[in-house]
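Shared between the two complexes below is chain A, which has chain B as its partner in the first and chain C in the second.
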Partner chain A sequence: MMRLPPCGYIAPATLAEATAILRDEGPEAAILAGGTDLLAKMKRRQQRPSTLVGLRRVVGLRGVRGGPRSGLRIGAMTTLAELERHEAVRAHYPGLHQALRSIATPLLRNAGTIGGNLCLDTRCNYYDQSFEWRRAINFCMKCDGDVCWVAPGSDVCLAVASSDAAPVLCAFGARLVLAGPRGERTIEAKDLYRRDGIRFLAKDPAEILAAVLLPPAGRLRSSYSKLRRRGSFDFPVLGVAACLRFDRDVVADARLWLTAVSMAPVQAEEAERALVGRPLTGASIDEAAECAWARAKPVDNTDFTVRWRKEMTRHHVRQALGALTSSVRFA
Partner chain B sequence: MARLVKRRVNARPRRRAGILARQAGRRPGPVDPHRRVFLRLHVNGADHTIAVAPHRTLLEILREDLGLTGTKHGCELGECGTCTVLLDGIPVLSCLALGLECDDRPVVTVEGLADGPTPHPLQEAFTELGAAQCGYCTPGILCAAKALLEADPDPNRDAIREALSGNLCRCTGYIKIFEAVELAAKRRREPRAAPSRETLFGRRD
Partner chain C sequence: MRRDGSARGGLRIVGTAARKVDGPAKCTGALRFADDIVLPRTLACRILRSHVPHARIRGIDTTRARARPGVFAVLTGSDLPIPFGILPVSQDEHALCPDKVRFVGDPVAAVAAVDEETAWEAANAIRVDYDRLEPIMTIEQALSTETPRIHDYGEGGNVHKKVSLEFGDAEAGLRDADAVFEDIFFYEGSTHLPMEQHSATAMPEPDGRLTVWSSTQTPHYLHRALAKVLEMPASRIRVIACPNGGGFGGKSDPFNHEIVVAKLALLTGRPVKVTLTREEVFYCHRGRHPVLMQVKTGIARDGSIRALHFRSWLDGGAYGSYGVASTYYTGALQTVTYPIGAYKFEGLRVFTNKPPCGPKRGHGTPQPRYALEVHIDKIAERLGVDPADYRLRHLVPPGSLTVNHLRIGSMGLRTCIEKVVAGSGWKEKFRRQPRGRGIGLACSSYISGAGLPIYWNNMPHTGVLLKIDRGGGVTVFCGEIDIGQGSDTVLAQVVAEVLGIDPLDIRIVAGDTDLTPVDLGSYSSRVTLMMGNAAIQAAEKARGILATAAAREWAICAERVVFAGGRVLDSGDPGRAMSFADAVQRAEAASGTIGTVGSYTPPPSTARYRGSGVGPSPAYSYSAAVVEVAVEAATGLVHVERVHLAHDVGRAINPVLSVGQVEGSVYMGLGEALMEEQSFRANRNGVHRAPSMLEYKSPTTMEMPEVVTYLVEDPDPNGPFGAKEVGQGPLLPIAPAVANAVHDAIGVRVDAIPITPDAILRALQAPSKRAGPVRVPATDWPEPVRVPAPALDARPAPDTRPPRDAP
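Now for the complex of A and B:
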């Protein structure tokens, strides 16, 4: 049996209590949501929290409120499966629905939460390995070591952002409610992430992600396209999230986000500019794909070769944008 | 087994994890890593009160404390699905569930599928069609399939494939498994339904 390292456990009943415990316990404590990421990491000794603060009993963190007209408020402890089955998400936020369905397996989505997904640890071939494997090559900077095996000259860790929901929420312009010992604050989803594989979340360890706020669906059209090794389940090696607002035939607003090409989700601004102010056609999509390709700068630390992952950016941008128009044909 | 459980319960005075947080007035500290706490589990309809350390997984508790070794351990990292059990009726991976998080919630394992001496229709269909070979993946697949049939009594092939996509099998090639789930579903409507021609002869004509 692969055992968890010994740790304490507490299940507070309110957010205030939970944040106070996290403050008192310090950064050695970890927030436990569905545990599908954290517990596996603990078994491989990539993380060794002194105490797990389980959010299961905290009231008001689970469930979806609102509707497509007013926007949705999604509690952070809502499971991925619950969200995937939610009618408004399926019908009005298809990009999110597609991303959710591509995450892990139905069994993991029954336990895994949206909050845990957004706070998912970054990934790297030299980090997501057993303790013995990592010890054999000598540990890397992200855990127990002091050098980066991907780029030995680098002083930041280059482990990649691997959440499938994060790029979609960035593209939607979603906002996040963070509850901390000193009260609540609301930030843009994109501002949760930092380009640092070790300290990848721009929040205090005692802050709990309480809710995700999705804007009104209006005339937004969204989609998500993912590259992975196995069709059944795998982490993204590249993910493209697109969210467009149309004014009749013309694209009035475009957001294109990439994941798994850097330590944080990446916005492809040039590609967005190539789309805005004109109808969505094969030509504008090709142009956007070209710009996104230039923006994607994967490094050699996940599955597949870097060149091919970069090359596939074009294809997946075409795929994601192509899904937003039924009439576009490619040469 | 009863003796084992009893001995553990009596070993040291302990606190109940769930209750800790609910105590009014003062904020309780976390359960100490090296201390065991009482955990109330409802497994396959029976109640157990056992003392466990906070870092024990549901899988370890089922197999090692309760002696329910029907639930298998494979990768123990969420990748294979053989440890699947039903928690609140929903299939989840017991290798990634902390025991204390299952306090007071119903758990069903493969041992709980049969109705007394009568196997579950899924178990019948799996045996009849050879949907289990080495059998290591079977307990997890049966639990996931049971949840599927309860949510959707007549699932098509795609729905079955999707529901079982987190359960890896190295032996059968999956077709037999899908056919067994289909047969069990069919028998809920027609108890005497026979396997299809395709299942038996590998072709439809």
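Now for the complex of A and C:
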């Protein structure tokens, strides 16, 4: 990797100041949180912002407030490591805890933030390469080129959503606070994402993700199952987030979200329907796994073969849901 | 770690876990790797590399690059027209491609500028006009494509080298065998992945000389290449090899970037430095060749191998590198473990438009060893014999001559097998565990240094110069270079043993062509054996000088003088002693400044056929591995739970360093066995799939299983204190042991490395319960060089020389 290209750096002290700078600088500016994603992309010349707007000094963006009864408010600049160690997250939102623990490496989690994770660039083996490498394929639609090499007939970029936390937050029905030049708004986590590998965030570039709002833990049971090559480092090749609400031993509500199979986290609605209204059993899990399997359409832009990745959907849905059978408490 | 074997025989320092002499410097960050060389006024160099896989260069326009502020010099191929290459028979590389590019990453132009960013921007401003040629990406394609040719030398078309050797009558052996077995295997290419990226700095000296610092395993060969390409007398060039942050064979060739910074330094009159990006390291490569193999074995009723016919097809990449030797190595060492009646080997290497392959750890032998050991596992199964027992029944005897005329010295494989079988509980586990759990065994052997140098000469392979200061300090000069394996420490221990002093009182000066005698380099597992023998020689001479002086002082005969604990003593009178420094001062007064030399040349091989240069070695190490796995039938994922590895190292000069080499080998072997692939997108301009540490998948500590190491010490008469190699051998049995364990676990054969979960699922679904290659390309093999097998009674010729032991 080359060293960072020259660029400007501003560290505003307030959100208002930060959003104003972003508005004024336009698309040439980029928000810098922990930098674990953005700086590497700049070193590979995938992104070349002229100004970095660092959020490090902005007050009130870091830390967790609230509790499992009222729900949590997580500042966007909270590091993944802080969140992973947070007692309420570990005890009451186990799916999120599992996802956080599986992100990158312990060192990267010390620097990486939850905000950066949710705004993580989409990934593709044709895009996450140096300038020289991309030049050898004559670039691609996502950066400097006009063809998609994964699917040359496609008119959208198919780069994959690769955040481990995003599908869990979608499954929890979490909400996000966005601060923009014209004030704050709150949206559903799932509405942050668009099925477009290039314009994958449904927000204005000048909007800053300020906080994540987790609902009360209540009777939610959650889990996350991640497929990756190795026990550390690797981005998800498939991630399955499950969040179930039980009414006695019957599944009253089910949310099943997949990541790394599409440009945005994907809701496996047929699989959810297969679970609701009955106890969580081997048979219902198998049915859900089958539905999810049909839904997963991996393309050749991550590690492993496409065929095997699709095959693994069943297995990981079973794993994610299987983990919840043991934690079912029959009242 | 457990040790077994000969008693220490009075040794005090050899055989102990002496502290690494470079340990504190490494731990504190004080050690200077090549990238730590920072000189005033240094210019940064960036190299423009080809972005097309195969093309003729029609023109290069550097005007825009030269015009940029901060740019000091721009080079293209015409500035460095002389070709080079590690082997005299393959001088097919240029520092910058003059007229043709052969893979994505081939160097085309270079810029020296005030800083890296300026150099990079300028390099990208260079316009290269390419005339594209059809890229050749596979062995099959290379064989079937007469033109275009990647090189205009070789064996016609895109075949670089063909080899055919026959020892005894293999056809007859196969015909007369009671059973014949045949298999086809593939072993994917993989790369070294050293932590340190290559870096080189060149500095012009005021008197017209040139100094080059580099992370190289072979300063002597770099020295020769620089002199040749720069057309400068070697006496004006100084190469300093910096300690390598891992080499594994990836820093054993002279490289284009080293020559480029040297030329740029001469042109600009300023120091010039380049540090490769990780991606560029993937393009330097010289890693494991992808090899397709066909094995045919004729077995007698008693299970012995009457004849073996082995064929290999190597995918060489774009240049020769060590490839001719690699080709021979895929056929050389099949013979040194189990006796073979007659042996035929046919090997072929093709050129393809990919980074050149070369001598990655194990050089050319992990692939055939994998094929042979899985093949034998299948044979044992068909014969209904436990594969451990099969091997124990058919072992090459120590001191014997193999069918291809390799002279075996000590041979501890029997003990190795017994150790891992007992230690792993093999008898209770093999074919007896529940489905999903498996255990597999494999053996191997490796050379302790090649018998012949890379370029023909009859000079020593290594030299050691030893100088003793009046204060008792000893400085040892040797051209070897520590690549992390601990050769500096081994050198200090060997000298300390002979002189009876503390290894930490010895300063090592290594890898500097101005200061140190030639050592051919840290490759081929040669350093401990060769440098060790030379060091013993130099140290014994020095000891003789000191002993004579002390003997004169005490008026006794010199034989009575012994050296221990930093003192010189009279073995006949325990009360009489002087410090080592006192002895030095007496000796210096008596006979002048004390400096001695030692050198080492391997014993000549008796083999005299074309190709007999590859295989002979002063000594062969032996290893046996048992691997325990759990395999998930639903996913095909393999979890390696434990590896037992016994290695006959002859003598562990430093047991902790030896175990380090074993564990490192196991790690690297597991990476190859289960995930590593240096692979390319043939349909996308031949780009490397994933030239990064994140996406080129190699195991992390999370994947590393427990390793139980058994050091077996069967001293070899040719080794220093009996020592043999340990740096490469233990890697070889890992992949086949994993494959055999997977079969034991779920009954499928994956005859292709790496054993991916996808391949396991495919094998489970296949009626044959196998995944792997099913055919080999039609090939015109040349008439074999026919060599009579040594007469059977000549084969077990026990070596009569006593093992070299404590002085």
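Following the convention adopted for this analysis, the second predicted complex is superposed on the first by the 325 of 331 C-alpha atoms of A that agree within 3 Å, B and C clash if a C-alpha of one lies under 4 Å from a C-alpha of the other, contacts with A are read in each partner's own complex, and residues count from 1 in each chain.
Just so we're on the same page, a residue touches a chain if its C-beta (ideal position, glycine included) is under 8 Å from a C-beta of that chain, and two chains touch if they have at least 3 such contacts.
Quantities reported herein were computed from a predicted structural model and do not represent experimental measurements.
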Between chain B and chain C, more extensive residue contact with chain A: B
Partner chain in contact with A:1 - chain B first, chain C second, else both or neither: both
First (chain B), second (chain C), both or neither touched by A:233: both
Touched partner set for A:202, first chain B, second chain C, both or neither: neither
Touched partner set for A:107, first chain B, second chain C, both or neither: first
Chain B versus chain C as contact partner of A:25, first or second or both or neither: first
First (chain B), second (chain C), both or neither touched by A:39: first
Touched partner set for A:187, first chain B, second chain C, both or neither: neither
First, second, both or neither for A:151, with chain B first and chain C second: neither
A:283 touches, of chain B and chain C: first, second, both or neither? neither
Residues of chain A at both interfaces, chain B in one complex, chain C in the other: 1-3, 5-6, 232-233
Of chain A, residues touching chain B in the complex: 1-13, 17, 20-21, 25, 29, 32, 35-36, 39-40, 43-44, 50-54, 56-57, 81, 104-108, 110-111, 232-233
In the complex, chain B residues that touch chain A: 17-18, 20-22, 27-34, 53-57, 60, 73, 76-78, 81, 84, 90-93, 96-98, 100-101, 144, 162-163, 165-167
Contacting residues of chain A [partner chain C, same complex]: 1-3, 5-6, 125-126, 128-133, 135-138, 149, 229-234, 303-305, 307-308, 311-312, 315
Of all residues in chain C, those that touch chain A in their complex: 49, 51-52, 104, 116-117, 120, 124, 277-279, 634-636, 675, 684-685, 687-692, 694-695, 697, 699-703, 756-758, 761
